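What follows are several structures.
Same chain, two partners: chain A is paired with chain B first, then with chain C.
And then the complex of A and B:
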């Protein structure tokens, strides 16, 4: 028999590729493919939207409005991130279980906090926002909390994973020298994860800007709100102006975090 | 050099702190948001009413006791699942078709040993496209797409795919940049064409990491399906919005239950699949 058939590693990869392809093919059958899928004026609208891309509305009023809503979007993202860092710090430390010694308590505390973080990040920030708006009404805090919960869940989990993955030797050395748990955390764990957690937090900040832009959907101002208003007025040229501002905002944060990461990793 | 490095990082930290303080200030002063207003008696009343509504207290026929609603939610769940798979498929195909010129080592010719005059030009165009497509959030794409397509799962899948195309493309391009270039150069010097290079040189080496990224994005897409539904792109999200508008809060409980089920299932499957190919 040909030995190549026993090449297991390649085999599994191919099986998974085939399964994924099959799933995709199957999913296509769920759509009834006929010309009814597009609005009667759909093609014309598509052309108008595409044409407006090259002629964004650059009049003074719109630019000023775009700048103002960019600040709103940025400020919500930054305010949300400040809460995210606090949540992630405390939840991350408890979820990694490094503060408690091996034994019964750790067996309960770790899964408890990990599960909590899992639920926080399972629900999308817009759904949180909607739940907040439905329960406490339209408020800036609704948007900030809605952003902070799932992002805190993600960052907290990554922080906990990082804390668990660091080499044990320096910690053991600290403990042998008589350091308490808190001292080991402050002088051993935190300095070792500082660079990677900062660069990941910057990446989440970039995502937070996108999210805070779409928070407008539940009635909070910002770029997404303006995009929606302009779309409802069929002013596609204004839509693209706001979209370009959003892209610029995301790009600036992206460049900043790239520079920061480069210097931290060195 | 050392001093400069330190000062950039420190300056960034101060700038970020300043940005956060400024943001809180502008939100609290500029928009007169106040935390104490949040916890008034009226708000507490509404909040407790909302949560009682979610649990179906004092409700004659809560949605989660009704077989009809369960069947409906199950159908929507399958629809959502299909939408996420379709979106991942579209995004993957588009990213795979464009990824080769987007890799830095292809553009400068170090991977394929063939430097083309349009190398950096196509690199710039494709990378620019990636940046554009991923900088626009899914929901905004969905808002635009819904103007062209009729509501259903197809516009939702396209909107999700448009956003993830840029992300997957960037991640794939980075995988190609990190590849060991020797096998590909070897193929190239024995006269393989572009397509053959991709099929026999790049794909076998990069496939495991491509698959990992596809599965990872699928998890994220699953979480986002509900959001594109809000603007009418089908699935659980559309029903969620309708139920919210009609104040059918017990429906919301049921939909959230199925949503969480989907998200956890996607996490579980993708984790197991990643272990499977390791």
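And then the complex of A and C:
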């Protein structure tokens, strides 16, 4: 037999697949297969929730409440995103290191700001929310700051990456024409990333709305809070009304984002 | 004749590879010089040295009798030396007018350049420049929607606004079809003559070099192969310049 056939390098992927498959099959033996595996009443509840999907509560009171909570959720998200854009703009520019020339300063500035962005987004917005609620109480600012910090970290990082990834030729040409670093930022970097960063920020806005809804579980108010209350009361029809409003919010942002992108790209 | 550029014993090596070895020549004010030679001969390296994009390993460059190494303020340098390359030099996302007005950035402060994005400043400069390159009606069009030839005209308009004394052109027409290429080259030379600029252009096409330029400097393997007035360059010169090593 050909000796090469026994080469480990050639088969390492197949061996890994085999080990993973074995591990999965082995794990099945450790599951206790009795009736408590799935909550016995759960199936009935699931059926009720599914049935309520077709009969959402459309009474005036609930619709008004849903509208009001949607507004709260939207305003938290919008206020949070405004902060996010400011944070991402300044941190992103410094984290990309484009304003300083190659050399010592750049070697410190870039990692410093990239590190800060990393810390900001390493902690989830819900954890930030707990921290802020614990420190400044159940205020709207808790929700807004909790949203702004990790999202600023994410958007800032992406912005920095985009700034670093653009083609160098136009920037070099601008500098040869006598542009300073800030002028090159304004006439080269920013126009070149404008379309993609706008579209990514809009996507983040969409995420912020979902997050802001979830965040209201912490007790800040909004769509998520209403969903929780209705779930506690077993009013699944109301739950669906609120969920539909949440979906509608996200879809509206998506539409807006598409319009905006079309205008920027053409 | 006044000297615009003077190069003495210039060498440039990357790692171990020698790109240019002890080049010396002078270029007078208003001269039109074409750099020709096979790929890898060092044409782009020479232009990058002249543009102060790269520092020479040895030797010195004088611009207007001043060492280039003392011309480190790039706003002042932009008044002396302008560069035009292939068409990737423009910011495609901006309207034509801002790409042209970028030639004014060496004059403008930060506030004026940011304001200009909203309300174009010194607009007449851009309008005049675009008239001269024949693109009057494209002022507010997105630059990336223009054809390759038109984009190169926009780059020329920027150069007109920047108005340097010396123009370095690195394969300015390499990515254009022959008709477009000749058009742009003709314009480049015409502008240099009208503005009394010194022009140094690297070219692939020997035909264009002989047609539009006064003087041809041929580089081969990092050395000057010949440096002659365009009229006295013969086909024999050209043939031996581009002949492959194995055959010689």
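The rule we apply is simple: the second predicted complex is superposed on the first by the 231 of 266 C-alpha atoms of A that agree within 3 Å, B and C clash if a C-alpha of one lies under 4 Å from a C-alpha of the other, contacts with A are read in each partner's own complex, and residues count from 1 in each chain.
Simple rule for what comes next: a residue touches a chain if its C-beta (ideal position, glycine included) is under 8 Å from a C-beta of that chain, and two chains touch if they have at least 3 such contacts.
Since this is a predicted model, take the numbers as computed values, not measurements.
In the overlay, work out which of chain B or chain C sits against more residues of chain A.
B
Under the stated touch criterion, which partner chain does A:176 make contact with: chain B (first), chain C (second), both, or neither?
It touches chain C, and chain B stays clear.
Quick one: classify A:109 as touching chain B (first), chain C (second), both or neither.
After superposing on A, A:109 lies clear of both chain B and chain C.
Looking at A:167, would you say it contacts chain B, chain C, both, or neither? Reply first, second, both or neither.
A:167: touches chain C, not chain B.
Quick one: is A:214 in contact with chain B, with chain C, with both, or with neither? Answer first, second, both or neither.
After superposing on A, A:214 lies in contact with chain B but is clear of chain C.
If you stack the two complexes on chain A, which partner ends up touching A:124: first (chain B), second (chain C), both, or neither?
So A:124 only meets chain B here.
After lining up the shared chain so the two structures overlap, which partner does A:229 touch, if you call chain B first and chain C second: first, second, both or neither?
It touches nothing on chain B or chain C.
So, A:192: does it touch chain B (first), chain C (second), both, or neither?
Only chain C; A:192 stays clear of chain B.
Across the two complexes, find the residues of chain A that touch chain B and also touch chain C.
266.
Which bits of chain A are touching chain C when the two form their complex?
167, 169-170, 172-180, 182-183, 186-188, 191-192, 194-195, 266
Given the complex with chain A, which residues does chain C contribute to the contact?
Residues in contact with chain A: 51, 53, 74-75, 77-79, 81-83, 85, 88-94, 98, 102-103, 105-108, 110, 113-114, 117, 142, 155, 158, 162.
Chain A touches which residues of chain B in the complex?
5, 8-9, 12, 16, 19-20, 22-24, 26-27, 31, 33, 35, 37-38, 43, 46-47, 50-51, 79, 82-83, 85-86, 88-89, 131-132, 135-137, 139-140, 143-144, 147-150, 152-154, 204, 207-208, 211, 214, 223-224, 226-227, 230-231, 240, 244, 256, 259-260, 263-264, 273, 276-277
Taking the touch rule as given, give the residues of chain A at its contact with chain B in the complex, in rising order.
10, 12-13, 16-17, 20, 23-24, 26-28, 30-31, 36-39, 42-43, 45-46, 49, 71, 74-79, 81-82, 119, 122-124, 126-127, 130, 134-137, 139-141, 144, 210-211, 213-214, 217, 224, 227-228, 231, 239, 243, 246-247, 250-251, 256, 259-260, 263-264, 266
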